[in-house]
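Once you scroll down, you'll see the structures, which are given as structure tokens.
The following pair of complexes shares a single chain, chain A, combined with chain B in the former and chain C in the latter.
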Partner chain A sequence: MFLISERINGMFTAVKKAIAARDAAAIGEIALRQLAAGADALDLNVGTAAAEPAEAMVWLVESVRAVSAATLCLDHPNIEVIRAGAEAAGDNFIINSTTAREEDLAKFLPLAAQTGAGLIALTLDEKGVPNTVDGRVEIAARILIAAEGAGLPPDRLFIDPVTLPINVAQDQPKKLLEAVSQFKLLSDPPPRAVIGLSNLASGSSEKSLLTGAFLAMAMGAGLDAVILDPEDRLLIDLLITGEVLLNRTIYNRDYLKAWRAGKT
Partner chain B sequence: METVIEKWPAAINTVTIGAREDGGGTRSSTVTIGGETTLPFLAFEGAPPHRPALALDILDYSPDDWPETLREPFREALGDPAEWAGLCQEKYRPDLICLRLQSLHPDWGDTDPERAAETVRAVLAATSLPLIICGCDHPEKDNLAFPLCAAAAAGENCLIGFATEENYKTLTAACLADNHAIWAQSPIDINIAKQVNILISEMGFDPKRIVIDPNTGALGYGIEYTYSIMERIRLAALDGDKMLAMPLLGDVGADAWRAKEAKAAEKDFPEWGEENLRGPLWEAATAALLLQAGADLLIFRHPEALRKIRDHLDNLLDIA
Partner chain C sequence: MFLISERINGMFTAVKKAIAARDAAAIGEIALRQLAAGADALDLNVGTAAAEPAEAMVWLVESVRAVSAATLCLDHPNIEVIRAGAEAAGDNFIINSTTAREEDLAKFLPLAAQTGAGLIALTLDEKGVPNTVDGRVEIAARILIAAEGAGLPPDRLFIDPVTLPINVAQDQPKKLLEAVSQFKLLSDPPPRAVIGLSNLASGSSEKSLLTGAFLAMAMGAGLDAVILDPEDRLLIDLLITGEVLLNRTIYNRDYLKAWRAGKT
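This part shows the complex of A and B:
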């Protein structure tokens, strides 16, 4: 399971303050903490407060690159902001994200293909997020075909079926699980499936439990990557256990400790 | 035809045994094992950086229970481990010597731990090869002897064993104190192999100084099971499991010569043929299989088996 940290996001107060004050040490500290907790990649999102999002993105990238060479996930809807971040990052990054709207695919796919980046693509088109499994799978297939045309191989394409909050759309999680398993049938090699987990429990009680149970179910359905807070111990324990149950890591009595030891 | 190349995300650790003068020891050579980036002998995917190392056993008592075939090559030195070590180095040229302190065991003489430490010193003086030190597999006696033997060999960067899931603390502490590598044994069980490595690492011992002994059986004694355990360990390691990314040890001689097929006399089983040929062949065949499973370090009993495997490796690595 490829684990993308969601915590370096201008939406969070500490990060917002650090961006405003250009406090690179504070950002570096969060980055190292998230990596130590098990993150494989760090999502970087400047939030909505930054007046110059491109400049803020470059600064965020440089602040993290000063302490780590880990994979970065450049998170912004505007391609110019992504382009600026990509230049600062050099290599080893993922673009987060494109929609399936034709104009977006036409911009983001070539950038990902040319820079060697990964690309997260949402199953969201001109008509919004479909309410059905078939609708999501159909959009995923369209993304996949466009990616092939642009020269982006399936293993660098992360398809995100778009998680909606449980308290507004309770019929969605089951549909997402089914969509994830059907994504895997679209091509060989298949595209990778990714989910942004925290949106599921947005505004709910029992956030960890809801997201954790869903994570375990999604792993069973074939999820490859997840965006979450690796410092949420319950979530990570579930993720590690899922890897054991899916026979991806070797069980032993201290398998939780072993996984964490392997991350340092 | 297109060659399908498999690329793995991780590599096996390298472990060095022995220390020259510049490393604080007195050995004339050192041995480095591990470092593989793919499965054994797939040179087109990545040549192994280090050749599997071959050790020869010596005992701290005269092994009257050994068959004649096995006693013959060492006859003049049996009972004197220092002389035995010197004879091995000069005549049979292994990469390392493996000293077994079997006489510590209550059933094999119950000798003093201090005597074991003296034996270690004497053997280190008699050979300049890197040294493996093996206890008697009696936890209480081993735990008395490990600290003394580790101290007696301080600076020489030995491989000392073995640590098991039930008995690892004393050995780990001794190897931490005197900077030796650890031989970690598990009963043909991948989960326990990993567990032992975690337990040792949690005491602050560097996992990159551990060698896994998956406890190999001999040919004809369920070795296909050993093979699949070794293969699974290696696949997990190449896939990124750091608690299984250790080089693998095969205790070939001890296992092969337990088999009746290796040691039975021709007069008792005439249809099995001459025992002087059969025993070393049994040992060599076991070793050849363990190499295919990924073994990095093999410990032999009969010098002829070691010689056969050295030639076999020359051929394999030349064409691989």
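This part shows the complex of A and C:
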């Protein structure tokens, strides 16, 4: 399971303040903490408050690159902000994200193809996010075809079926599981499936249980990557246990410790 | 999810002692505690120490029936012990279990069909438990056909793909998930899928995490019933959360409490 940390995001107060004050040390500290907790990649999101988002993105990239060579996940809807971040990053990054709208695919797919980046693509088009499994799979198929046309191979494409909060859309988690398992049948090699987990429990109680149980289910259905907070202990314990159950991490009595030791 | 309590089993010291001393109050107390913790049914297993297993089974049935009308799960490999327990129970019971060996099916299927009982059937035949998904599904199909011939409808048949300890067979959990999802495609209506969860973590550390994460995965794959200890708090929290995620229990901020209140 490929773990993308969600915490370097301007919607969190500490990050918002650090961006405003250009406090690179504060960003570096969060980055190292998230990596120590198990992150494979760090999502970088300047938030909505940054007056110059492209400049803030470049600064975020440089602040993290100063302490780590980890994969970066450049998170912004505007391609110019992504382009600026991509130039600062150089390589080893993922673009988060494109929608399946034609105009977005026409911009983001070539950039990902040319820069060697991964690309997260949401099953969201001109009509919004479909309510059904079939609707999501149909959009995913369209994204895959467009990616092929742009020269982006399936294994650099991360399809995100778009998680909605369970307290407003309780029928959706089951559909996401089915969508994930169907994404994996769309091509050979298949695209990767990714989920942004926190939105599921947005506004809910029992966030760790809800996200943790759903993560286990989604791993069973074929999920490849997840965007989450690796400092959520129960959630990561369940993720590690899922890796053991799927025979991707060797079981021993200290498997939780061993996994964490391998990350630091 | 149909929860079968595993705790009234002569392999546990307290139960072994209670059976030896014919201490019905002790059995009744465990039964009520397991039901309060969320059990829908109580597995009754006299263990290997009972000198007269049929008589001990009848006594167990009567001891539990004295405090509860809950579904009983009569657990013994010998059909005479089951038959004695079935007569004492009268109705509302499940037989646990038959193998797929021809001689076992020829005995257990008619008894289940005639008594109106449910029947747990293991994907285990003359050659043992298959190592593969296909092997398990093939046996399940054979059981289904035999059940139809004996007049036992699929919804009273619980197919158990046989859980092995992860510390000796780490490749098996993933195969069990695939087997469960394939069992559900074998007929319409489909048979039920059941798993005995504890064996997965037998001899392992982190039992609650291993069984809980696997239960979530198996629920996502279509599991209908599970044999476990409902007093394992994290395990049941994950089960309840799984029910919420699959939209079978309504989400609200107190969904854990609400589910438990509904059980008592």
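By definition in this document, the second predicted complex is superposed on the first by the 264 of 264 C-alpha atoms of A that agree within 3 Å, B and C clash if a C-alpha of one lies under 4 Å from a C-alpha of the other, contacts with A are read in each partner's own complex, and residues count from 1 in each chain.
Here is the rule we use: a residue touches a chain if its C-beta (ideal position, glycine included) is under 8 Å from a C-beta of that chain, and two chains touch if they have at least 3 such contacts.
Predicted, not measured: the structure shown is a model, and the values here were computed from it.
Q: Determine, under the contact definition given at the top, whether A:G220 touches first (chain B), second (chain C), both, or neither.
A: Second partner only, chain C.
Q: Quick check for you: in the superposed arrangement, does A:G212 touch first (chain B), second (chain C), both or neither?
A: second
Q: Between chain B (first) and chain C (second), which does A:A261 come into contact with in this model arrangement: first, second, both, or neither?
A: Only chain B; A:A261 stays clear of chain C.
Q: In the overlay, answer first, second, both or neither for which of chain B and chain C A:N247 touches.
A: second
Q: So in the superposed three-chain picture, is A:S202 touching just chain B, just chain C, both, or none of them (first/second/both/neither)?
A: neither
Q: Between chain B and chain C, point out the one touching more chain A residues.
A: Counted on chain A, the partner with more touching residues turns out to be C.
Q: Using the superposition on chain A as set up above, list the residues of chain A that contact both chain B and chain C.
A: 250-251, 253-254
Q: Which residues of chain B touch chain A once you look at their complex with the stated criterion?
A: 190-192, 194-195, 198-199, 201-202, 207, 232, 236, 240-244
Q: Could you pull out which chain A residues touch chain B in their complex?
A: Going through chain A, the ones touching chain B are 249-254, 257-258, 261-262.
Q: Across the complex, what residues on chain C touch chain A?
A: On the chain C side, the touching residues are 166-167, 170-171, 173-174, 177, 204-206, 209-210, 212-214, 216-221, 237-238, 241-242, 244-247, 250-251, 253-256.
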